[in-house]
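Presented below is the structure to which this report refers.
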Amino acid sequence: MTVPQFKQLRRAYGFDEVAIVPGEFTINPELVELGLDIGQHHFAIPFLASAMDAVVDPQFAIEMHRAGGLAVVNLEGVWTRYDDPAGMLQEVAAASRDEATTILQQAYQAPIRDDLIARRVKEIKAGGAVAAVSLTPMYTKRWAPIVQEAGADILVVQSTVTTARHESNSAEGLRFDKLFKNISIPVVVGNTVGFNATLEIMRTGVAAVLVGVGPGAACTSREVLGIGVPQVTATIECAAARDYYFRETGRYVPIITDGGIRTGGDVCKCFVAGADGVMMGSPFAATTEAPGRGYHWGMATPHANLPRGTRVTVGVNTTITKLLYGPTSRTDGTENLVGALRTAMGMCGAHTIREFQQAEMVVAPAIKTEGKIYQFAQAHS
Amino acid sequence: MTVPQFKQLRRAYGFDEVAIVPGEFTINPELVELGLDIGQHHFAIPFLASAMDAVVDPQFAIEMHRAGGLAVVNLEGVWTRYDDPAGMLQEVAAASRDEATTILQQAYQAPIRDDLIARRVKEIKAGGAVAAVSLTPMYTKRWAPIVQEAGADILVVQSTVTTARHESNSAEGLRFDKLFKNISIPVVVGNTVGFNATLEIMRTGVAAVLVGVGPGAACTSREVLGIGVPQVTATIECAAARDYYFRETGRYVPIITDGGIRTGGDVCKCFVAGADGVMMGSPFAATTEAPGRGYHWGMATPHANLPRGTRVTVGVNTTITKLLYGPTSRTDGTENLVGALRTAMGMCGAHTIREFQQAEMVVAPAIKTEGKIYQFAQAHS
Amino acid sequence: MTVPQFKQLRRAYGFDEVAIVPGEFTINPELVELGLDIGQHHFAIPFLASAMDAVVDPQFAIEMHRAGGLAVVNLEGVWTRYDDPAGMLQEVAAASRDEATTILQQAYQAPIRDDLIARRVKEIKAGGAVAAVSLTPMYTKRWAPIVQEAGADILVVQSTVTTARHESNSAEGLRFDKLFKNISIPVVVGNTVGFNATLEIMRTGVAAVLVGVGPGAACTSREVLGIGVPQVTATIECAAARDYYFRETGRYVPIITDGGIRTGGDVCKCFVAGADGVMMGSPFAATTEAPGRGYHWGMATPHANLPRGTRVTVGVNTTITKLLYGPTSRTDGTENLVGALRTAMGMCGAHTIREFQQAEMVVAPAIKTEGKIYQFAQAHS
Amino acid sequence: MTVPQFKQLRRAYGFDEVAIVPGEFTINPELVELGLDIGQHHFAIPFLASAMDAVVDPQFAIEMHRAGGLAVVNLEGVWTRYDDPAGMLQEVAAASRDEATTILQQAYQAPIRDDLIARRVKEIKAGGAVAAVSLTPMYTKRWAPIVQEAGADILVVQSTVTTARHESNSAEGLRFDKLFKNISIPVVVGNTVGFNATLEIMRTGVAAVLVGVGPGAACTSREVLGIGVPQVTATIECAAARDYYFRETGRYVPIITDGGIRTGGDVCKCFVAGADGVMMGSPFAATTEAPGRGYHWGMATPHANLPRGTRVTVGVNTTITKLLYGPTSRTDGTENLVGALRTAMGMCGAHTIREFQQAEMVVAPAIKTEGKIYQFAQAHS
């Protein structure tokens, strides 16, 4: 009897561990084409705002539409539990760090109301925007018809980990293939991180896939559950599934990296890893348009028994347009993300996102040179 | 003469370096089966409390039994040296950090009494609990008969490193095969970290094996001796030995990862690495039921000449049932460990611990996103 | 259809991750030969000062020439926008950290004047020094003739990433082969990081290549764009291109590692990685001869929409000659860089830079032993 | 013409990156045999004290001899420049951190006196100890005869990097083969780090080799020169050279790991990497017997032009016998190093140092669990 091979662990990489290699030719940033298609909807820029209560409300979704991107309203959060959640949001903002989770747990005990689901969709449409709203798989069967009837354009079905095959003790778990018979609007599903899981989801007919488990700033899945895959590796594998599925079927299902993106550098790395779009929470939570008053929390934070997120302080220090287009005097990559994307694509000689996905990336530890220099100055001045 | 190959060093991994990959299908946490068998004893949850003086006394063992797990009482610590160690425990708690080791060294100079060994076993039995008690190999021959006669259910023979073959200058070192002729209760042996050493121990007939050398919070073996193997790799190798031995003999000897486990994430990684159970010290030391008054120390700490542990401060901030079952408003994974295990198994599509052992794990650096966000907020707010 | 191989990421290394292995024989430092040739110009030491406004002005270039090296004056910075930039430099030095980028953005709005371009070149020549001046590719066609006519000896064409093939929406982008028909002085081009890109640039006829994208202390390209390759790997690849091109053509085009070099150790690692010269900004910015008054910023810092650099504080704490030749009582490698280079070459048995390029280097994490010792002392004293 | 392979960088490891794996059998620490032979001299324990001015003076050498080890007196430091260096040592101890290097540079300007060389040797002999003294290669030819005539037992020829082949501009550089014709006492040579360099040195007839370039606490060669190899890898390679040379010639030349050793864990890792002995500076500098008054500096620190070491604060907090044999109440491995070595050998089933050299070691990041626990306590108490 031979000794068994020990369990093997592949290496996975996050944003801070990689860097993009410039190309062998370069192009002017103005020559770069951006854009993202989800179902029949075209977006000028491949940026999405996360379906998180502190980030997106109907008004934010309208502003984001004007900026060329897409913001998703969470239909299982405070906007469908309260006519006006302003007081509750104020309470969260006023809470100490230690109280915040308990207050969130209490606030989310209020029931979700059918009328508010429809009302939020209509508010977005009234603003002229593409209405994208999110549900968890558990409630999708119940509320998806209401959502569609209210006029939503895109349904996002999202949980920490969503798979095409889910086993529950109810006989009536969500089956995506059945769902697609009942509703006709494009459905985006997430989150996922692996090749096979992504391929299976694509085969059910989804319009796009959200990539990422664990990396978000407001998510503590890794501490609580040990589950999570760094975003660069997750995106690389899901992009491979997309390309495989495209060669198999001729249908191109975009993948959107969701979670942990904070700077222009992170955005660019998502695309080089293979993403078609990026979804961000924290950066948008810090805009004046966001309802979170400078705070931000994940949708698993209010879980009554096993919260897996924290309230994080992001401040209010930018606007949607400054965040996306600048101009800026910040030098740390936290504003003008579209400008950064154009510039990086130019340096890699990429005319399109599809070409940028082919750029080279190396494993390289994050550089902290400024600290060095300060240390140098303190030692000798 | 050819140049010799240089000594090769394999890479070993600890909890903070790995992450679990969600599965290709998912199941509801309620459908998950937990449970651990040691000899004829079945435990509802695969959680054990360490045989450490600041963690387990007879009353704690009774409470842990009620919670569905197993706590082991150390028979070579203060509970068998003092009728009532309360004063000594109070003194340790009151000591400064610098004095603590010296006070522990002095306290453990008192002799171990046969009558107290028997008394502690009977106290646990009187509470209706499975009585599991621990001895070091050096004293096992002498006290194992007393332990058995007093009615103990499980004997744990434990030292920093225990092997099936130990050479001592006494002619009468412990031989496990001989021991098993004299006592009939199941014997759990530890600690070990390697494939061959574990296989040899299993072949002596032990009921379970404790895995882990060096990683515990109260252990400084790595600084003092340079010895230690990170727990993920140690568990992977010992699990391979268990599976090898099972295929060889048809007897399944569970392995229990012992040391360094602090969060639900750590717990889950143990099982994905191959564990059948987890043994924890520090987390249980912080319960109101623990005798350590918010402090914790390893059993090598009181060593007179070469202490290899420190008194660590853990606080008193939870209970056995909150630690295991919640509910909680903590978001760092330090409470509701059973809930975390169920949720993670569900995300990996594992109905049982045996299936969860097959989940995928990647090497991925621990994420420190919150720090990033704070930094972001401070820079721009 | 087979599963596609996932995108592969090579490992890249920076200064702090490698160390030089001493040789099998050793030589006295006095026996070591230094020196660098660019076109027909020979420099006694292979050290260059960066074309950055806070580092080099015409007077600095003259002093650097006297010290045996070469300093490059930036022709698109303050020296060609202001008759006397002293007031503006004073304002930058007096600004708070938060204001600095905005002030730099404003200061660089002033137009570049043809007369000042010519004047700066003549000032350097008047001091008896080799006049090396830099332009970005965008303005090279326009100002290169003026530069040459004014008597410049070396033209540096430099941007964050420069390639032999650049696509712009103007029909008249810079083509190096065309440029070389119009001007006869040697042209140094940069920056680049890869084998193919470097080889292509060498084939256009350049006199030397600057290596490095992203690593400089005053550069934040990695945060903003995600682009950057650590200098050791960048230098290794570009050196391979130089050697390949040399075998192909017999023409030896030196490569100069530019960015992130701070200590004698960094300097030595550049050469062992394959460099023929090193270009430094921050260390020279801290000399009394530098115009930056103890501050330093990258040339991408003043970008109006997407600044990619910061003002860093370096202090004024050395002189050009002390930095290069000592003597020093500093023990952290930040002075006497030429002495360090000679000593290291001696320990590696290298008579020349070309031999030193063949020394062995290992991947080894930076050692922080002093911290350890302090910790040790604090714990026990 | 094919693309050249890029320069390859091997991975090298230091103490904090590895851990020893316990063995498949274990033995009682009392059964372990220690001991080291250099030439005809046998030492009960394989511990040496470094030839550094703040560590060893003649009286220290006598005390170290009594403790069973060997201390080397530096013959080019203060003990041969001053009749009584007490005042100078006091001045170094009183200096601020910034002044220390300058004061050391000045103090070492005093000339070395022949009479003091002889006197120091005789002082050690008068104390009944084995007299081991060190010279640099540059001065060995001149002073080796005086050393031998004065009665020294062992000569150590030591510089940062010493090779069998050194090229100098004097026609009369040191040749070890010639040296060995003129003096008959055993000669220990160092330092070296590579297989080939070590093999060449062994072939000249040396009695032992010192291993290590760069890792010491008081050494900054890595910052200043970029040169250095982490000690675990250096020891592994030099041990391979020793074994190769032994198979080639039948002569066993012990290797002594020198530099960066601070704890029992570090000591044990040296032997598992292949060392026959360990040489330490900082730990001995902190003994009451050391002349450094709680400070410590490397012999390259006083270099007039390019100092490559710093004065480090170690405190005075132990004695030679406590450091080596305990007893101790420290739990961080900084006392009872011989006890730690015996215990670790027992856990690895090694009866002798030669067997311990065969133990397994893994690459594993240093564990910082205590910090974790404190963080845990602070968060929840």
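As written, the chain order gives the labels A, B, C and D, with residue 1 at the start of each chain.
The definition used in the following text is that a contact is a pair of C-beta atoms (placed from the backbone, for glycine too) under 8 Å apart; a residue touches a chain by one contact, two chains touch by 3 or more.
Keep in mind it's a predicted model, so treat the numbers as computed, not measured.
Trainee: In terms of touching chains, how many steps apart are chain B and chain C, taking the shortest path?
Mentor: Minimal hop count between chain B and chain C: 2.
Trainee: Would you mind working out whether chain B and chain D touch using mostly the same residue numbers, over half shared, or mostly different ones?
Mentor: different
Trainee: Give me the superposition rotation angle from chain A to chain C, based on Cα atoms, as a multiple of 5 degrees.
Mentor: Fitting chain A to chain C on C-alpha atoms yields 90 degrees.
Trainee: How many angstrom lie between the CA centroids of chain A and chain B, rounded to a whole number?
Mentor: Computed from C-alpha means, the inter-chain centre distance equals 39 Å.
Trainee: Can you list the chain A residues in contact with two or more other chains?
Mentor: 13, 330, 332
Trainee: What pairs of chains are touching here?
Mentor: The list of touching pairs comes to A-B, A-C, B-D, C-D.
Trainee: Which chain C residues qualify as touching chain A in the complex?
Mentor: So the residues of chain C in touch with chain A come to 1, 3-4, 6-7, 9-14, 17, 101-102, 105, 160-169, 192-194, 196-197, 200, 213-217, 219-220, 222-230, 233, 260, 262, 282, 286, 294, 296, 301, 304-310, 312-318, 330, 332, 334.
Trainee: List the residues on chain D that touch chain B in their complex, please.
Mentor: 13, 15, 18-28, 30-31, 195, 232, 236-237, 239-240, 243-244, 247-248, 263-269, 272-274, 326-333, 336, 339-340, 343-344, 347-349, 360-367, 369-370, 372-374, 376-377, 379-381
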